Amino acid sequence: MSTDTKAIQRAEVLLEALPYIRAFQGKTLVIKYGGAAMEQADLKEQFARDVLLLRLVGMRPVIVHGGGPQIGALMKRLGKEPKFVGGMRVTDPETVEIVEMVLVGKINKEIVGLINLHGGRAVGLSGKDGSMIRARKRMHRQADGSLADIGLVGEVESVDPEPIRVLEAGGFIPVIAPVGVGSAGETYNINADLVAGDVAAALLAEKLIHLTDVQGIMGDDGKHISTLVKREAERLMKSQVIEGGMLPKVESALRALAGGAQKAHIIDGRVPHAILLEVLTKEGIGTEIVL
Amino acid sequence: MSTDTKAIQRAEVLLEALPYIRAFQGKTLVIKYGGAAMEQADLKEQFARDVLLLRLVGMRPVIVHGGGPQIGALMKRLGKEPKFVGGMRVTDPETVEIVEMVLVGKINKEIVGLINLHGGRAVGLSGKDGSMIRARKRMHRQADGSLADIGLVGEVESVDPEPIRVLEAGGFIPVIAPVGVGSAGETYNINADLVAGDVAAALLAEKLIHLTDVQGIMGDDGKHISTLVKREAERLMKSQVIEGGMLPKVESALRALAGGAQKAHIIDGRVPHAILLEVLTKEGIGTEIVL
Amino acid sequence: MSTDTKAIQRAEVLLEALPYIRAFQGKTLVIKYGGAAMEQADLKEQFARDVLLLRLVGMRPVIVHGGGPQIGALMKRLGKEPKFVGGMRVTDPETVEIVEMVLVGKINKEIVGLINLHGGRAVGLSGKDGSMIRARKRMHRQADGSLADIGLVGEVESVDPEPIRVLEAGGFIPVIAPVGVGSAGETYNINADLVAGDVAAALLAEKLIHLTDVQGIMGDDGKHISTLVKREAERLMKSQVIEGGMLPKVESALRALAGGAQKAHIIDGRVPHAILLEVLTKEGIGTEIVL
Amino acid sequence: MSTDTKAIQRAEVLLEALPYIRAFQGKTLVIKYGGAAMEQADLKEQFARDVLLLRLVGMRPVIVHGGGPQIGALMKRLGKEPKFVGGMRVTDPETVEIVEMVLVGKINKEIVGLINLHGGRAVGLSGKDGSMIRARKRMHRQADGSLADIGLVGEVESVDPEPIRVLEAGGFIPVIAPVGVGSAGETYNINADLVAGDVAAALLAEKLIHLTDVQGIMGDDGKHISTLVKREAERLMKSQVIEGGMLPKVESALRALAGGAQKAHIIDGRVPHAILLEVLTKEGIGTEIVL
Amino acid sequence: MSTDTKAIQRAEVLLEALPYIRAFQGKTLVIKYGGAAMEQADLKEQFARDVLLLRLVGMRPVIVHGGGPQIGALMKRLGKEPKFVGGMRVTDPETVEIVEMVLVGKINKEIVGLINLHGGRAVGLSGKDGSMIRARKRMHRQADGSLADIGLVGEVESVDPEPIRVLEAGGFIPVIAPVGVGSAGETYNINADLVAGDVAAALLAEKLIHLTDVQGIMGDDGKHISTLVKREAERLMKSQVIEGGMLPKVESALRALAGGAQKAHIIDGRVPHAILLEVLTKEGIGTEIVL
Amino acid sequence: MSTDTKAIQRAEVLLEALPYIRAFQGKTLVIKYGGAAMEQADLKEQFARDVLLLRLVGMRPVIVHGGGPQIGALMKRLGKEPKFVGGMRVTDPETVEIVEMVLVGKINKEIVGLINLHGGRAVGLSGKDGSMIRARKRMHRQADGSLADIGLVGEVESVDPEPIRVLEAGGFIPVIAPVGVGSAGETYNINADLVAGDVAAALLAEKLIHLTDVQGIMGDDGKHISTLVKREAERLMKSQVIEGGMLPKVESALRALAGGAQKAHIIDGRVPHAILLEVLTKEGIGTEIVL
């Protein structure tokens, strides 16, 4: 195949993105960033470039990131013995302080730095900035139905989109750490999946995209589901076909949709350029959730 | 090769365009449209989609088109006997009227319609609109050095970029027919290559791109020249290595550069997606002219 | 009468325009331009100056022009035999091409040039520009009630006022040729009277003014009607008192009013400065149509 | 002469104003209002309508008015014995208080009311408003060259155009009373002619127009002068051909021109519509002063 | 007490104002200025500085002033015998002229000058400016129920807030004289308390503050009332506990509240810095009236 | 002293701030926050309220904070043995990571939360956000003149004020952590005093205020210096009268002034409300440094 033919094929690829670029220009895409895509060097770099391209062609990506193994590693080094109640980490004040330092002072800054190194203009935000994410204590419902106090684990009370809007209008890509602030100023650690859903709702986002380490959602028959409507999603959760780490992702998707987001996607972040494939090509990947 | 791998390769192609999109966002690209790219159905459609993509990713394409065989065809049908002096068409008032009708009422509208059919928002302009292209009579210097009056053939006196700016600001792609207006309101037919150069200068364009039916400019040795500096271009014109239809293109390029445009390109419009290849890939094609 | 007294009388005339200038400042006036006013040299010049004055004192004139004898003349020279069905020209693809060339490439440009020559800043628009006038095939209802296909004769489907608004905001006077574009990109020739009415509706114009070659509308008794309400207009059309070329003008007026225009006028374009007399003096001329 | 012919002639008169409207649109015209035009009922009304027309066709009239017989009348009624030094009124604190009350609380309000009654939107300003006219004591140079203190008679130190600009931008016609404020807050009575000149300079006005009760300026030969250049004006003042009440008008004109105004006019306010004739017709009236 | 401690206490005082500054930023405060605060030199100066501080910390004070003894003094000097009907001054045309001169040309200018001397930027307005206060004749209801004509005493018909808004947007503090204009251009003297109430309604003010010479409103028991609701205010007026000069103040307050103002206050202008104490400290002073 | 008298005295205190509020409205004040004011609970709260008041009265405070004992504490817990070269901490990659976590994820968030808890709207920024603070390696000059590599200690290369401007325009108070980013994306720990100086220069600040734990700068004679000019400051540094921790503060002040800031202040943060006293009262405290 001659170089020229290849070049022309490349141009064809660019043109295939045309309808998607047109459809999503000026639209907000909230991307929950986590898992392999946040840990493997090559995937990280691809993620940064993908985000940048979306921004350059006129979309408005907003990143919400999660935690990861770095929190546990630091706790261990500090001699904090992790305690769990029903699989959830009991978060005492010292723990939440460590969590905040790692999320806001380390992971957030790495993502910001990564995007900027590739030529973007990212700015990090914690939920404390501008009191953007107001949170309250989340009690843990145990197997026997009783509620257990697991400390400074929070749930989103409200999201004020103003800081995000101001940064977007100034040309910046917002990168958000899932930390919330209580009414007395206390810090809450919040599940990043849920934060992403509420941010997508507050921004009336075009899409909420969860980058995960699985192929998408599987049905009762073990087969991959392309499109999942709300009612069916609820059924699958009830019948525990959807379970474990997928639960908050689907919960987040449904909250986003209920709050005004257009669509939610759960895609495989291990696939290189998963975001681009989802947004700019006809190959929708993963599972799409709609009302 | 699995579909997935192909998909990922496609994403890679999109990302290769990243630095070019970033470099040229908000920049004006004046494209002289003519030749095969304006006559072959498949090339026409590719042209429309290429222009649209450039616009969608944030660039500002401005089209200047030429005439072509349609003028001669109509003249023939009207029984006008073409007269030439030294290779240039003698343009009497009736001829200029036919030229204007074909350029403004037919070709311009076809291009506008083509872009709009693919989802763009193009608006046509004649040099008479807003008195945008003011022109004066161009005398023809004959072989013996004497000047011959060849009628209503004009040269650009000034270009007022205001109508173009207003349409661009409104989100439209301007498509310009090479007709000028004299101080008494008379119509002038002007060489489209030269109009494109002066429009590029008036807009301080980032690039002037000539779509031609050749591979670019060839040097004394018959080899293709990638980059041509002004001084060398002038030498090649003087020594008649550059000659014929290439002369006004190079003249136009030099005028554009002198007037404030950044770069001029003479590229092969017969190559599919020639514009995209030039603007969005590392494969510069054709010949680039710089000061 | 001394020169001074004359001068003072002139000032008085200016002041008589005061209430009309105040009433119509910032308002849109759609003027259907055609007939004698478009053919006689002195009337043409007066028209240009009248339009300019309206613009200068703060109104927003928008011109819609028709065709005229030039179309027939060119068709004849090209050996096209005109075919009529029930008085309407059968418009094959070649015919619509000729119509478009004459309307857009000749008549429109003459009007634009005329206004600009008097110091205005006019820009021409075809209905194809920005896909402004979307059209569909208009079938011809024959005397026996059956429908005849008369080719590419269209009726307005929708008018997008955006290109007009953008040019107006930029300080330009829009001049519109009555050509429409179909959903497949095909060209339609549309009755200019009807285009003017739909443009007036889309712009929520203050006035739609038809320049005609008659004094206005005559009633059953053959006497001139100053003001005509919708219901009466409909009666006169039904009883064929209003007939022939006056029919589309009245239909256009009623469509404009139904779509949000304030008033419609059918005035005598053979009277010098007919527009000024209508808009700026207490002598309303012609027939005014209201809901 | 038929009514129709008259109507058409009226339209012609409107069109004669076209070039003047175009030339002065958006331009500021400072009008010194005084004399007969401020005292005769019919002239007052004509003045109001003239000003309104200028505003409606897009110009920016700014009125500066003087005092007149009302000040003397009130002083007399209050038993204040007028004292003069070398023809200038000695202005003690009580006198300046009376002057301010009459200028700001009576004459200014009458003019504002008059314009508003005819449909305009005028707002009055004293030089104290926004400390717009800062003034200092003006000593009177006596015949023997010595300086006499004549009390609170001021000269303009500076004019802050901000209050005028704010009102103009809000769509109001500013009407200014010639009162100034000193650095300690004291009130100064200032010659209205001189205030008008300095206001014209501060606004970089297109025209300063003095409405007077004479035909203009007469030369050595007693003949009316149409255009007066600065050097000649200075000669005529020195040789006392220009004298008395005309002196501050010419001084004001020269200060306006020196400060950036384009032209100054001294016209006969007794002629009905003198302002319109000056601004909108080819009959320049009175004397025009230029650099 | 060391100087340092004093300084720190001063800082504490500044901080106590914090919640009030935050609450009223960008809000309009209409202040009826009159009584001792307008007559005693020290109170006048404090008033000017108080108003300035409110403006500087981001509030929008609007001053409405009354008349005072200066009107009577001038009338006396002019030999006008005051006539009263039922306690109200009969206002013939000459009287209203005197009233206007004193209000607009003297008192208004003194207040404007005072604020400007302290560094503010005040501009005076009469109700005639921009026809801001349209008024009609107010008939006087006599004890026997019959109506007496007391001349050019007016009541507010409507308030156009535009001139106030334009000056505020330009950074100026508006100072308003209680003069109204009738439909035929005639001048009306209007009770300043009532003007203040209607201005507060037209501006949807946050507060209407009446500066009076009493401590506030006393109840049946002769004790000071802190907060008065509408119904109770109406009862006290009916039972003549509220009477005399307090009547128009309470009427004005109720009109302001009915028209959209948030709160009305009647405070003791004899207390230094009464306005600041009311607006910026927790010590509400005087009587507050609410719906 | 009666409550009333106290209230009035409080109003007087508010008014004393008038000239300072006027002088500094809209001006940027860069405050280096550190020392006791950042550690004692009561001083922290006072700081938050002081900053808020400055913002509410129209100034633009920008906070730059330093580190403090928390960094050392975390390093100790993590078993990192601090190494020093010539009094400067050797900063290996692990150390800079800890520093960043504490500065950005803990201290910055505490300050942001504190201001927000008092009703402000603060947003934190690291120098990595928007690549705002670009830095390069700072070598340490040892006593013998040789340069020692002390790791990831940086010096400011450039400050891009855009993220700060965008947040300010959006109504937020920016709080900046002294972390910089190198050309390869590496993290640098930078002296907060120096960052504050360069930020003040980049913003062309009105004031740079260093909150310290001393009274200000002492001269050769051990007496407090009120105002220090550049030349004298340089002399005192050379003669080591200014030394130790005061050195970077004075260096920062001089850099700020050289870069366009108006004034620099070194004040005693142990004094309650030190900032308010400096900015809003006539008691300048501490030492003022000017060019």
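Note that the chains are named A, B, C, D, E and F in the order they appear, and that numbering of residues resets to 1 at the start of each chain.
In this text, contacts are C-beta pairs under 8 Å (C-beta built on N, C-alpha and C of every residue); 3 or more make two chains touch, one makes a residue touch a chain.
In this text, all values refer to a predicted model and were calculated from it rather than measured experimentally.
Chemist: Starting at chain C, find the fewest moves between touching chains needed to arrive at chain E.
Modeler: The least step count works out to 2.
Chemist: Could you name all chains that are in contact with chain A and with chain D at the same time?
Modeler: Chains in contact with chain A as well as chain D: not a single one.
Chemist: Shared interface numbers for chain A and chain F above half of all numbers used, same, or below, different?
Modeler: Counting which numbers both chains contribute, over half are shared, so the two copies meet through the same residues.
Chemist: Among all chains, whose Cα centre is located farthest from the one for chain A?
Modeler: If we average the C-alpha coordinates per chain, D ends up farthest from chain A.
Chemist: Average the CA atoms of each chain to get its centre, and name the chain whose centre is farthest from that of chain F.
Modeler: C
Chemist: Using mean C-alpha positions as chain centres, tell me how far chain D is from chain F in Å, no decimals.
Modeler: Each chain reduced to its C-alpha mean, chain D and chain F end up 57 Å apart.
Chemist: Distance-wise, how many Å sit between the C-alpha centres of chain B and chain E, to the nearest whole number?
Modeler: 70
Chemist: Could you put a whole-Å number on the gap between the CA centroids of chain C and chain D?
Modeler: Averaging C-alpha atoms per chain gives centres 47 Å apart.
Chemist: Multi-chain contacts only, two chains or more: what residues does chain F have there?
Modeler: There are none in chain F.
Chemist: Please name which positions on chain F make contact with chain E in the complex.
Modeler: 3-4, 7-8, 10-19, 21-22, 25, 49-50, 52-53, 56-58, 119, 271-273, 276-277, 280-281, 283
Chemist: Spell out the residues on chain C that touch chain B in their complex, using ranges where they run on.
Modeler: 77-79, 97, 100-106, 108-109, 112-114, 116-117, 121-126, 128-131, 162-163, 165-167, 169-172, 179, 181, 184-185, 187
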